[in-house]
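Multiple structures are listed underneath, in structure tokens.
Here come two complexes built around chain A, the first alongside chain B, the second alongside chain C.
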Partner chain A sequence: MSNPLAIETQDVRRIYKIRGPKTKGEPTTRVALDGVDLQVKRGELFGLLGPNGAGKTTLIKILATLLLPSSGTARVDGFDVVRDTEEVKRRISMVSGGETSGYGLLTVEESLWMFARFYGLENKVAKDRIAAMAQIMGLEERMRAKISDLSTGLRQKMNFIRGFVTDPNVVFLDEPTLGLDVQAARDVRGFVRQWMDDHPDRTLLLTTHYMAEADEMCDRLAIIDSGKLLVCDTPANLKRSLQTEAVFNLKVAPLGAKPKDGDLLEAVPGVSRVNVADVNGHTELALTLRAEDALPEVLAYLTRRGSSLIALEKREPTLEDVFIKVTGRRLDQAADAEKAAE
Partner chain B sequence: MAALEKDIIRSQERVKKLHGFALFWAVVWARAYPRIIGALRQKSWLFFETVFPLMGVIGYIYVYRSVNAPQEYIGFVVLGGAMTAFWLNVLWSMASQLYWDKEDGNLEIYVLCPAPMMAILIGMAIGGMLMSATRAAVIIIVCSLAFGVVYNVGSIPLLIAVFLLTMTALYGMGMMFASVFLASGREAWHLANLMQEPIYLVSGFYFPVKALGALVATAASIVPLTLGMDGMRQLLFPSEQATGLMPVELEVVLLILLGVLFIGGAYFALRKLEQIGRREGRLIERRR
Partner chain C sequence: MTLVQRLHNIPAVNQSPALRAFVTAAWLGWQIESNWARPFLFAVYVIARPISSVLILVIMYSVITNGATGEPIFAFIYFGNALYILVNSVVTGVSWAVIEDREHYRVAKQIYTAPMNTYAYLLGRGVARLIIGSVSVLITLTFGVLAFRIPLDINVLLFLAATIFGLASLSALGVILGAVTMQTARLQTDLGSLVSGGLYLFTGAIFPLDVLPSWLQPVGYLFPVTYWLEVTRRALLGAHAARFPTFAAFSDWGLIGVLALMTALLWLASGWVYSAALRRSKEEGLIDIETNF
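Right, the complex of A and B next:
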């Protein structure tokens, strides 16, 4: 317990071989993680925020001993994930979104008991803890149901019980609310936050591509894109870093033909960043200005382009704005780009 | 009560966990459990696994009867038919199991948790063996009563030893194949299909294996069922001693060696599998 860091990585790289036939000149490898340095303190709920394909799951798998880094070092709860695999395994657990583990003919209770035994829980301890956790997760009435009969939400609650019932020091949650309905996702988030409050010495690393989830849950978070950690701070500090600027959402009539480079909206004096999306016959602009007084210039520009203002909203910066600032694109655009690159 | 249950989870007191052999044993039974309970829970399984296999065995019995083969041959078929239960279980529920587990996302959890993988495989084997024994017992009891098979057991301890050694070596082979099937990258059922029928032939499930010729029969002895069935036939039907492949005592020694070979092989294959899985980032994880 003397080490204040629960998770520590130094210059972790992971390179995958690209399988299958390739044409001449096509790359044979793909860099999934590129020199990741990360420090997570004991007791933190730390988030890794990034689009699909950014390297979040690769990093979590390295930390959970499922994957070797190509280079660099990683330690979890004070143990090296490459050399001290067994020590790390005893101290961690992991729950992934969309998990379908277990055997369909077993009941929820039996399935959880089986996994608890795999972690070395004594029989009675396992049964007591499973019953207690089922009650907290609101699953107590389905404990005798076969797991093949569970809905996605209930199945994920079961997976959560599996992950937490073994009393881990460090928990990895990989996109834990993926595919869940609003209520189930809220229950899961509530449980995680409560567990962290009850166990201030435990650590939780969460990966997500849901901005609101990261904002709501995490003590600190890092934004990861294309295998690199770009920024790392508390959600409040990250958003505060944008507060010297003014953030507006504009809904405007469709812009005319794209002008030459010198006459883009980004070139208007005072415009820091802009993101354009065509939605249902109009255009939405996410606009970050260096100062509010640049707004008239922007409106004049829109008029020149043959557009007109439909609605304007000034808003507080969000993690989405932080993401745009550090990557130059929106999270959904980044996900599309990663998908195309794979 | 509710508050008390929540306190169990909210308590900051650490949970004591099993280590070493205690953990190994707990994992063996935890993994055997779904095999046993799962099978018992499928009512249709009990019917299909016991009644249908009888038909195939009875078919062979009528073949032997129609050609007026000696009565011992009916006994050979009954024993071979009973042992098919174990062979099919090894092929489809041991050798292919890690592949199914990967597809279901269980393998990743097995590798992630501190449970020894050998304990997980042994648990699978024990669970599968117990359930296959049900099918084997039904075949032996029903066919023996219906067709008047007479057993003249010379040495019951030796018979039990041959059976247990055969099971150990056979399930050891299944444990080793579990990693080999997974690492081969092919769909597991293709490999299982590939092996199922040829082994029926070369191991002599429905005839004395020596009929294949000493060379083929000896080569087929790498499959523990070949030696096991030959040994048990010699012990159950004394007239078979003349047509046995080799002395039972030698078969016992060879079965011990095969058991050591396959279980040792399973251990190393699992370690290799984990290494490849961690190095290449595949094999273990489910394709989403």
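Right, the complex of A and C next:
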């Protein structure tokens, strides 16, 4: 196909009506996506990283034709998601994490066969592909088990087979490792990476709020928060953008009383950004300095605040640091804020 | 090899998305309806349920009329009630599938992103209940004929025509209710049951339409169910049905004509309503909404 873009959105906005009774002055709408421009190239494993409620699932639902944008345009595999719904559906599949869904009374084999039929696969092709994928996912022993008897991990593996058995051009994975144990999550990530290696012309859009997952898997990623795409690049480039600065993790004794204005840690010369969290009786500081030689000033400040250094670690920037830089808060804090806003 | 298996074995490239969705959904519906119990228990359920339901009516009738089951009105009531099982089964079967997929099995995302004709899918989901309903009707009618000696006078051609158009109109009504159900995020009761319960009063199921006040009778004229019940009674009971005619001015085939016309209109309406409902669900974000009822 000549179009090098597998996914393209232009100024996509999505506004939800807020349902249920409202008190006076409460908003009646919520902006889930606010002018999203996104370009994903064919063959990319692209990540959307953001806290819960940032707009990731809304964007995926629009791309998967489950939801209409309030304005803007979106194209998948060259087709408009609003006008060419059926063409888009023929080329995509979607797997969501944390799903307890499924016709529990069907066996794994029956359910996969049924969805393969819904996707238009010929009977024999469907059965062959299901058997092959069950072997890859380590599910061949449980094909006759009822879905209701499967653990969350096995159910997610079954969902993966459903999503990939149709050999889609574009796959949407919405938080695919949510709720999985470490081994199951590792299996799933391994499968995805292998599938991309085996199918270099296919495209995969992954949403996650796990930084390490995004870092490990994605060719490129975008950080989304409050419905806006804030940055978009390769994980390496995003982290490299912080390497003019020095990043430290400090574990210190609890800080004393809150200082008066003007004596904040952020105001110490050389401090670029700081994130403070109280953990198990001590305080952890994620500190970004414009230069390493600002550290003595920081330690002096801590002494003034009645604290003392317990441990100090200089580290390479992570996507978490990138997230803090572009949003001004940590991912879990952003998630709490989004939850409160809902 | 069963018909369903033969249909499944047609390569997908030769099968329209609508036929593929319909057949596979019919298979799924049958699994859901029949898989909850062992086959023997399921068979007892299918046989005992309709007979016990109709017996309640028979006992009430017998108490009031002092056991006059030989009267034509008994045949009218008994057959109307038996046939009405299909209204419940088909209309409810289709609309309930929307709620089941969205709320109970939580598969709406997978269903509505699949490249298939979801209108045909919904119709297919109703097939299992149609089959079970048809078996129930057959059992109930047979029981009535054997136990109460209801006299049969069957016009096969008329019966087949009435059945085809009747089931088609009920299916279309089921899709319309399914489309409305898609819009109701917090509906905790099955709309299909509500509507089929309401139609029970206005379609001549258990009493002739002219028992209703004249200003209420036109409500019954609006629904194909009324015409289907009347013409099916005529097809099965012959002269016995003529004692309580609902549309005395219409000949048997005249009624079939009206039923066919109304069915065609209802099918057109159901296609339009379903498309509009699907679009609105996507606009409002209702397709996969879960209310955890």
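Simple rule for what comes next: the second predicted complex is superposed on the first by the 341 of 342 C-alpha atoms of A that agree within 3 Å, B and C clash if a C-alpha of one lies under 4 Å from a C-alpha of the other, contacts with A are read in each partner's own complex, and residues count from 1 in each chain.
Keep this in mind: a contact is a pair of C-beta atoms (placed from the backbone, for glycine too) under 8 Å apart; a residue touches a chain by one contact, two chains touch by 3 or more.
Since the structure is predicted, the reported quantities are computational estimates derived from the model, not experimental observations.
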- Query: Looking at the overlay on chain A, is there a clash between chain B and chain C, or do the two fit?
  - Reply: clash
- Query: For A:131, is the partner it touches chain B (first), chain C (second), both, or none of the two (neither)?
  - Reply: first
- Between chain B (first) and chain C (second), which does A:122 come into contact with in this model arrangement: first, second, both, or neither? both
- For A:59, select first, second, both or neither according to whether it touches chain B, chain C, the two together, or no partner. neither
- Task: Would you sort A:199 into first (chain B), second (chain C), both or neither based on which partner it touches?
- Result: first
- Task: Could you look at A:17 and tell me whether it touches chain B, chain C, both or neither (first, second, both, neither)?
- Result: both
- Query: chain A residues in contact: does chain B have more, or chain C?
  - Reply: B
- First (chain B), second (chain C), both or neither touched by A:173: neither
- Message: Once chain A of both complexes is superposed, is A:110 in touch with chain B (first), chain C (second), both, or neither?
- Response: both
- What is the shared patch of chain A, the residues that chain B and chain C both contact? 16-17, 61, 64-68, 86, 89-90, 92-94, 96, 99-103, 105-106, 110, 114-115, 117-122, 162
- Query: What residues of chain B sit close enough to touch chain A in their complex?
  - Reply: 2, 5-10, 12, 14-19, 22-23, 26-27, 29-31, 33-34, 37-38, 41-42, 104-106, 108-115, 120, 277-281, 284-286, 288
- Item | Of chain C, residues touching chain A in the complex | 8-9, 11-13, 15, 17, 20-21, 24, 27-28, 31-32, 35-36, 105-107, 109-116, 121, 185, 279, 282-285, 287-288
- Which residues of chain A touch chain B in their complex? 14, 16-17, 58, 61, 64-68, 86, 89-90, 92-94, 96, 98-103, 105-106, 110, 113-115, 117-122, 125, 128-129, 131-133, 135-136, 162, 164, 166-167, 195, 198-199, 201
- Which positions of chain A touch chain C when the two form their complex? 16-17, 19, 61, 64-68, 86, 89-90, 92-94, 96, 99-106, 110, 114-115, 117-123, 162
